[in-house]
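Each of the next two complexes has chain A plus one other chain: chain B in the first, chain C in the second.
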Partner chain A sequence: MSRGLQFSLVIGLLALFALFYQGLWGDPRSIPTVLIGTTAPTFTGPDVESGQTISLDQYKGKVVLLNFWASWCYECKVEHKDILRLHQQFKDHPNFVMLGINYQDELPDAKKYLKTYGSTFQHVRDIKGSLAIDYGVYGVPETFVIDQQGVIRHKWVGPIVGQVYTNLTENVITPLLNNTPPST
Partner chain B sequence: MIIEIGHFSVVVAWVLTLLGIGSSIAALRSRNADWVRVGRIAVTLTFVLLFVGMATLVYAFLMRDFSVLYVANNSNSKLPFFYTVAAVWGGHEGSLLLWAFILSSFSTLAVWLHWRTQPTIMPYLIAVESAVMLGFLSLIVFLSSPFARLVPTPLDGKDLNPLLQDPAMVMHPPMLYMGYVGFSIPFSFAMAALFSGRLGEEWIKVTQRWTIFAWLCLTTGILLGGYWAYYELGWGGYWGWDPVENASFMPWLVGTAYLHSVLVQEKRKMFKVWNLLLIIVTFSLSLIGTFLVRSGVLTSVHTFATDPERGLYILIFITTIIGTAFGALIIQSKKLKSQIEMDSFISRESVFLFNNLFFLVAAATVFLGTLYPLMVETLQGGKVTVGPPYYNAVFMPIALGLLFLMGIGPYIPWRKASASNLKKNFLVPLIAGLVTVVLLLVSGIHSLYALAGGFVVGFSGSAIFLDFGKISKLYANREHVNLFKGFLKAFSANQRRYSSLVTHIGVLILVIGIIASTIYQTEKVVSMKVGDTFSIADYEMKLLNIHEVEGKNWTAQEGVFEVTQDNEVITKLRPQKRVYTASQSPTTESAIHAINMGHIFLTMPDVSADGVAVARGVINPLILWVWGGGGIMGLGVLLNIFRPRRREE
Partner chain C sequence: MMNRYILFGFLILVMFPWPTLAKVVDETELDVQVREIAKTLRCTVCQTENIWESGAPLAVQMRAAIRERLTLGHSPEEIHAYFLSRYGDYILMQPPKHGMNWLIWVAPFALLLVGGFFLYKEVKQWVRPSSSTPQQPPPPLDQEARERIERELHHP
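Showing the complex of A and B:
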């Protein structure tokens, strides 16, 4: 085996293991959206329970958490308790709003879902799925955090549980509410 | 209490692997054979203890002992018996224990099998096998014990992932692990050759059967995985280039290259460094595959919990093993200069060289595609997905090249082929290949891949049949028997060669199945109500009714579809949308009808409250050839493994 070959073999292996090492600390499921750093698309839609119109514009100047869900989505049920806990944790902060977005769902199913699992905040119906298209949602649950200036600052695909919950509350929402830049 | 015995056994086994390593080193230093005996005892006892460990875990599952965390997480009181046993390897901890158990049974078998004939290799074999074992047992003992208790004891378990409740899935992990672990034996022998400096052909001859056995297991494991994906996942395909599928495919590719390339060293004493490199890469890829699957570094349908700590541990462990192996190879490679140069470009040696290159390029392609998302993320922070289009585009030509070589390799002479020899052996296959293309064109097939595939299948297939025909005739004439008896005699006289050719025939059949079912698959998704009909290809499917059915641990909505062709009822298909009671997870159960070697495949992924069903029909032509080809490949390998031993071996 020639020197050059030996050398490149060693370098190649080192690079591979370095790559694997680096890979350990990432989460392959966290997907950054091109929308991060851009102004959140505005929307209006009927409330799932009351039917009255809700618009994103009415919450300008606040930190808004959008949670896309559906009654047919299993992982949404997984995260539901934690979503309620999250709302409980921040609901008394004057600058925090949480909105559920009901994605591609039948109204009776959605209503039944909220009745069964409980709801403490408002949910907007995304009747045609067009809102989901604006936000680049391709699976539920997905969660977005919009800052006081109306800019999308964070996105998460998958349920907000465990480590994800801690990260979202401590490193994203809390700093935003304190007007310090989030660390993710 | 029982489960603690299991835990204790595994801890003692861990200590024994240390003893195994220590005694082998002592044996090498003192040159005292007693130490090797100690090593053998350590290896054997490890096997016994791990057997006890496995048995206690199986027992805990069968007794529905939900005070054991792993049992509570992976089974349920309603889980059928068959799947309760399989649930042992349904999760991370248990599958690691299975890995270790298979490894210890193989190393014990190898130690006893080769004890007399390979005394000098023994200490190395024990040391390497014990080192790999130590890595897995440490992981089990310190980070992933399946024996941990759960307090308080839940009333019932969470149930086994419904997708894993499938017969093919029961056998898929053990087969795959047997493949991975099986390659550890030739790997250990190669390491022994490197460390001891006995770099001749001996280690290759000794491990020949191990190698094909490992290859058979890995192949079966991969095929079962595909079979499972096809029947259980409900998307109508069997291979999706998912990172975890790729993780098992990469060692297969390099292992297959190794399998062929050792023949050159056996016959011509060439490719020495190359073969060592190939077996090291094969086993390294098996370990890397385990790492990729278990660490959650890549996104995949096999989403297991990600745990950086475990991942880091596995990484350190595989880095040590792989680093040592490559280090030894680099240091010893000076001694390994092949004295023999290749005589001619047109020779069997060179076909084997190309075979190797093609397999390696194929493996590199898959490797790059699998790790590319990780590289991009590390270097740029962006996310990308590499999908089937990349693999199909890059992989198909390589695969066709390999199939072509398959028609040449066995018939071209060693050293140098003459023009007359080439004409004698390859004129007919070439014509057969071209005739196949013409026939395909006439029957209206114009896809380039199908035509290219047709050519290589015609070429290589006819080369094999020509060979069988000639040799059978020769034996029939010599022994004055009929052609069939001549064939049998020829086969048993050259069983190693002809069983390999049987495997080749299996490959060709498999490839025909893959090409047909990939290129000519038709698919249709419709929403329909009871009484509606939809048509796909020349079949009509009428939804007769939707009703509830109940299994032991699930309930389902079952659609009854009547399939007709030219107004003639062929069959009724009953796809289900199941919900497993314990976990409330839904699964889609496909309904399949085999017809003309192909499948009518029907799923019903959704039924809405107002009775509108979403139905998905797929027509997969010649799909049975995929499984049939796989079966013939396996038959060939079995005939190879169980061939009678001959003097020259």
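Showing the complex of A and C:
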């Protein structure tokens, strides 16, 4: 085997190794979404608790946080306290709205979940799963932040806890409420 | 006598070709279209399964979404574009041939070619006749070795 071939083989193997090594440090929860920067799909659905119709259009001009959850989802329970804390932190801001989207769930189970773990904001039932498909949802929990112009600015797959909570509140929601671009 | 009738009735029941009574489900054109589109879309919560083959709730809902859109008069291309706009290239079972995606299409064949080339080179070296390089005659035996061979051959 000539030296040139040996050299190119070693370079190729090193490049492959570097590619795999880089992949080790990637965040598996960070799924690139094509929806960031696009207009949030509008939706209408019944409220889990009251059955009243809720529409995204009602909240035009506000920063809307959508949190997809289900009663059978373990990580939704993990984040639930922080989700309530997040709502508590911003609920008095006139331009902030938080909506839960109940995904692939039975109504009695969803109601029982909210009764058990508590709820301070409205939750829309995604009966046919079409709302989740419209938002390119893979699973629960998933959280989206829509700006005051109705554009999706942030998506997170997984529970909103710890550093994720801090990042979401300080670098995404607060700037958007001040009409400045988020820093993530 | 009664037992005979019961036995006869039982045999009739067992021998009757019940499966032939099973209904044959006819696929409508809509079903075929749903199937064809669903086969090209990836189940995003499964491992290398399309949404036609998957039983995951999300796949079931995606199939329903395809059916609904076809019923509303959307074309297969429009439905593909819809799913692509929601999930990106990941939703497609066959990655589109552009940008970095070319790597996925070309790399296996390129690696096969490179591997084949090195294999060819190695095998060629193994099967190359050793006579191509003139062999040196073995060094002559010294007297002591010659005597030892003689001894061992004739007096084992």
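Rule of thumb we're sticking to: the second predicted complex is superposed on the first by the 158 of 184 C-alpha atoms of A that agree within 3 Å, B and C clash if a C-alpha of one lies under 4 Å from a C-alpha of the other, contacts with A are read in each partner's own complex, and residues count from 1 in each chain.
As a convention for this text, contacts are C-beta pairs under 8 Å (C-beta built on N, C-alpha and C of every residue); 3 or more make two chains touch, one makes a residue touch a chain.
A quick note: this is a predicted structure, and the numbers were derived from the prediction, not measured.
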- Task: Please indicate which partner A:35 is in contact with in the superposed arrangement: first for chain B, second for chain C, both, or neither.
- Result: second
- Query: A:24 contacts which: chain B (first), chain C (second), both, neither?
  - Reply: first
- Message: Quick check on the superposed pair: does A:59 touch chain B, chain C, both, or neither? Answer first, second, both or neither.
- Response: neither
- Task: Have a look at where A:136 lands relative to chain B and chain C in the superposition and call it first, second, both or neither.
- Result: second
- Does chain A have more residues touched by chain B or by chain C? B
- Query: Taking the superposition as given, does A:156 touch the first partner, chain B, the second, chain C, both, or neither?
  - Reply: neither
- Message: Contact-wise, after the overlay, does A:13 reach chain B, chain C, both or neither (first, second, both, neither)?
- Response: first
- Task: Kindly classify A:128 by the partners it touches after superposition: chain B alone (first), chain C alone (second), both, or neither?
- Result: second
- With the two structures laid over each other on chain A, which partner does A:113 touch: chain B (first), chain C (second), both, or neither? neither
- Task: Mind sorting out which residues of chain A both chain B and chain C touch, each in its own complex?
- Result: 1, 9, 32
- Message: Could you list, by residue number, the parts of chain B that touch chain A in their complex?
- Response: 273, 288, 291, 295-299, 303, 306, 308, 311-312, 315, 319, 322-323, 326, 329-330, 333-334, 336, 371, 373-375, 377-378, 381-383, 584-586, 606, 608-609
- Note on the structure: Listed in rising order, chain A residues that touch chain C in their complex are 1, 5, 9, 12, 32-35, 38, 104, 128-130, 132-136, 138-139
- So, in the complex, the side of chain C touching chain A is made of residues 44-45, 57-58, 61-62, 64-65, 68, 83-88, 114, 118, 121
- Query: For the complex, which residues does chain A have touching chain B?
  - Reply: 1, 6, 9-10, 13, 17, 19-29, 31-32, 72, 74, 77, 106, 108-109
